[in-house]
């Protein structure tokens, strides 16, 4: 079943057509890769899917619900969380506090006004911190963390809400190889154990191809092709699209 | 509960106690000592007008309480959400006018029954804050600052314009309770103190709730907070209305205490700057910050008038003092002191650890990593 | 610009709660402040208690900064001049008068604290009023609470009397009375015609103009335009334009100095000819007014006031000489506020010297009594039940050939003939 | 006719507000600083010109040759002394710092000049041009012309000089500007200098058209802020257009209805516009999210 469906979405900024009738589906329980040259509209697609920007036309569905005009918090409450290309955490909150921001909407409406540091909440956040390996820094201000740690924290922030789907925007960008390995492991583990669906925008081809069950390629605001990593890799249209950028990267 | 393969400890072993321990800040004073400090502070404040019973001193005390309530209230919205309002005088004004006009229209007998109207000032202010907040909170931080000033001027001008209702420039009177000078200030002082305690409890409740965390998240990155499921407009509005309520109470207190309500002093353009200065000096977005700021600066300001008021020297002194504090303690006195204390404690602990080289220390180490964190240890 | 130490943070995780240390610190500060503030305030009290015996202390809060700073300063001078004059003339009950001033920064909040301090810490025997109706209102409430008489000269807005307090005594003419002689004169000099009104929203100017409107309306004059503008107004050209457009030749303005200057200037610039113009305040500011609107534009402009530097009131000459010698102020620029404050002092001293006791309660009841009549630099003073001065007959003044002269009421001594109609703008002479 | 007079007055006075607002918006654009002291700086400029005119009897318009450089240095100094030291929450911290600066200046002016209302004088202060029933005070006209000239200078500086390029680069992205070798601190300091210098010129003109004292600044700053917001923060042209439009609206409402509603309208227009366009009338669309 398709968890996320994007249908004929267009989005323009002034004269630049970031999305030009983009249609795409992401299957539930799969790790989906989304690649494409710079400026092909990947981040814009994320923005449109998660409610940060409104599509000019077309529609977006999450598990059958139309979210084309939804706000980010509504999309999130449907179980779709995302990270950003440039990490966005709450620098003046501690690591633990960062985590609990996302667990706001658990429980009834009054739960919002309950203590965030209740014992059960803390058990949950410790689980998550242990999972990404940040427990040691729990009481640290998030702004003091290194970039890679912040990436992990951003990941953990979404994870704590047990989303159905996680949209990761360049999780590997600026992260050292060993940490990247760690991150890949976590994604895999989460996917296997909790059945979380992933959509990963990434330029690191090795990372994408090694991790993803399915890869979609974007070019000039459209979906060029989609399929198993192997098929995509050998698709001539993809090679064509990447021509002039870095062919070896793709073909490797 | 889901079973996750945690980095080190198996999930079965996780117990609340352990989680609690993992997150504890070794330098954090215990709950009991914090509670004691607060109780002691308020006991002191409660005893103040009895010890220093001179009416001039208690009069400063009453105005300080008004600022205290307003500063704590203001901080609930502006401190936590990062949306700095310099137009909360709108609610100060509505509190004043609501109380003054209600007393007039209901023909309340001068005396204790007038004091019973004060909470209505807060309620009216909160009610006004809902539509005003819905309009103002559509814009982001920089614009918001200016928009709040504009809103304040609009209401000030309206108070002038609708003279039939508000008394226009002549203002509105509240007949003072017929108490003698020696005791007159005390009821106002204690109502103010009570309201301040209530405000503080609300502020504390918000700070420790998930909701409060959401506000702090909005302060740091509103869009991101939205993406993590926080209904930002609703969250901001609730805080805005709560803070308007307390500022309205301060206004109601003012109306009954001073007895004269004028448009330009009810909707006073410099009121919020005074409050903002107090909160910033104390520590924006912290629980004790506004308390400290108001308790120190409000009396100082009145005292300066009396002491240096013969010329505008007091303006210069106040201005320079404020600049110095902002530049040397940019986060405010409370966070700066606490940071210094913390780093001092840390260095002390480090020295102790160097003396007795044991692994572990006060914190359970779950990740065998250096001080910089797992960037280096991520490859486990 | 210092770079913060990162490493230290990693070792010592700073967590949000810093309550204890801070609560401790604030506790300390508060107690220090309480002790310090209390002590210093109390210190003032012991000092003052020790003060020279044989002094009568009179306290006032004056606005030395803020919106009323200009007029607050002259108010203080007036009180000071009175104390000097009174001391040279036997003081109060043979004791020297000692003025105690506190500054209120034009804020009603501060005025409330100040009068409490004056009464309970400085232990003043009498209080006199602050500047403006705005501040007189809350301060008279405080005085009433301590059963003190509030003798004042610069707070005659109707709202002061609307409080129903029995301890307020305004020695100057009330706002409503200020322009009455002008309003009565107009129908004798002009046929019913259009009259333009404008007033700033203050509790003093606004009622003043309203009263004139009532009187003129009853005599068949028509009101063409009423502009009420807020205190914040900085651009007065629309008001001037509206009045010019109305074509009215008689203009009644409830102004304060800045708009008083600006409107005259605007009319002069537009060469808008009027036959009679009166402003509540502005022309009374002496040389500031001349400077602002230009010498040749002053001629013919009228304003109501209870005093002018050449007025024949009680001790008027001494007041002028004190102001010129001691405060180095030119005779022509002495503000009416000085006289208003001076009068308050005079009336207070006369009353106390008459009852021969410093008890405020007796003072209040004496000042209310029917036969209590006083003379002041501004003329005769007596009081109604609410403390208004019905004996006052405010003058209307006019700039004539570069000097200020009294023109109304015509029956008063020293009054000269009114210049009517007012000459065209810019044609006045320096005289 | 009355409306026409209102419109003409609005345009002329709007030009003056545009000049004072230009300093504010420029400073905001470059370093995101709401210069809350702009109001009192205008008054300071007015007092400086007033003193110079009284002391030397030169034409007020000549005084700005002295006051603009002097106030430029003041702004330059304030930047290095105060603003450059602010590290966090710069927007609001600088607002508070500038508020404190405003208090200090107000205190100094109060001690130096007292609270008396004064006005700058020139021989042509009473003269005006007349076209039928329309009346244009010469002072307003001169003020408008000088405002236009100075705004022209600002335009030239912004778009035709190397400094202007650096300044615009800093406006758009301080970090990137720093990377390409622009001394952001120096640009910022110079910008604050220019902003304060414009306050000097605006002050001279304001001092000729209205009487002022140290307490006059509060009314000024709130109106300037409204203008700058409507014009779109950082947009000089926007501030100019907004100033003129706002003052025209205010004056027309004032002459046709009442001055109190004129002023109320001034602020209501801001709220109304911002409900529909958060970036002000002329502000650019807020940059897209990442």
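Points worth noting:
So that you can tell them apart, the chains are marked A, B, C and D in the order they are listed, and the count of residues begins at 1 in each.
As a working rule, contacts are C-beta pairs under 8 Å (C-beta built on N, C-alpha and C of every residue); 3 or more make two chains touch, one makes a residue touch a chain.
For clarity, every value in this text was computed on a predicted model and none was experimentally measured.
Comparing each chain's Cα centroid with the centroid of every protein Cα atom identifies chain B as the most central. Should one ask which of A-B and C-D has more C-beta pairs in contact, the pair is A-B. Once the centre of each chain is set as its mean CA position, chain B and chain C turn out to be 38 Å apart. We define each chain's centre as the mean of its Cα atoms; on that basis chain A and chain D are separated by 46 Å.
Chain C and chain D have Cα centroids separated by 33 Å.
Within chain D, the positions touching two or more other chains are listed as 85, 87, 107, 110, 214, 218, 222, 260, 263, 289.
Within chain C, residues 10, 13-16, 65, 69, 201, 230, 232 each touch two or more of the remaining chains. Each of the following residues of chain B touches two or more other chains: 25, 153, 157, 160, 223, 311-312, 314-315, 372-373. Residues 1-9, 11, 14-16, 18-20, 22-25, 205, 208-214, 216-217, 219-221, 223-232, 363, 365-367, 369, 372-375, 377-380 of chain B touch chain A in their complex. Residues 28, 32, 34, 82, 85-89, 91-93, 95-97, 99-104, 106-108, 110-111, 214, 218, 222, 225-226, 228-229, 233, 260-261, 263-264, 267-268, 270-271, 274-275, 278, 280, 286, 289 of chain D are the ones touching chain B in the complex. Within the complex formed with chain B, the chain A residues making contact are 50-52, 71-73, 75-77, 81-82, 84, 88-93, 96-97, 100-105, 111-117, 119-120, 122-123, 125-139, 145-146, 148-149, 152, 157-158, 161-162, 176, 178-179, 181-182, 189, 193-194. Put simply, chain B touches chain D in their complex at residues 84, 135, 138-143, 145-147, 149-151, 153-154, 157-158, 160-161, 223, 269-270, 273, 276-277, 280, 284, 311-316, 318-320, 322-323, 326-327, 330-331. Those residues of chain B lying in contact with chain C across their complex are 25, 27-30, 33-34, 37-38, 40-41, 44-45, 48, 51-52, 54-57, 59-60, 63, 153, 156-157, 160, 167-171, 173, 175-176, 179-181, 184-185, 254, 257-260, 262-265, 283, 286-289, 291-292, 295-296, 299-300, 302-303, 305-306, 309-312, 314-315, 333-335, 337-339, 341-343, 345-347, 349-350, 371-373.
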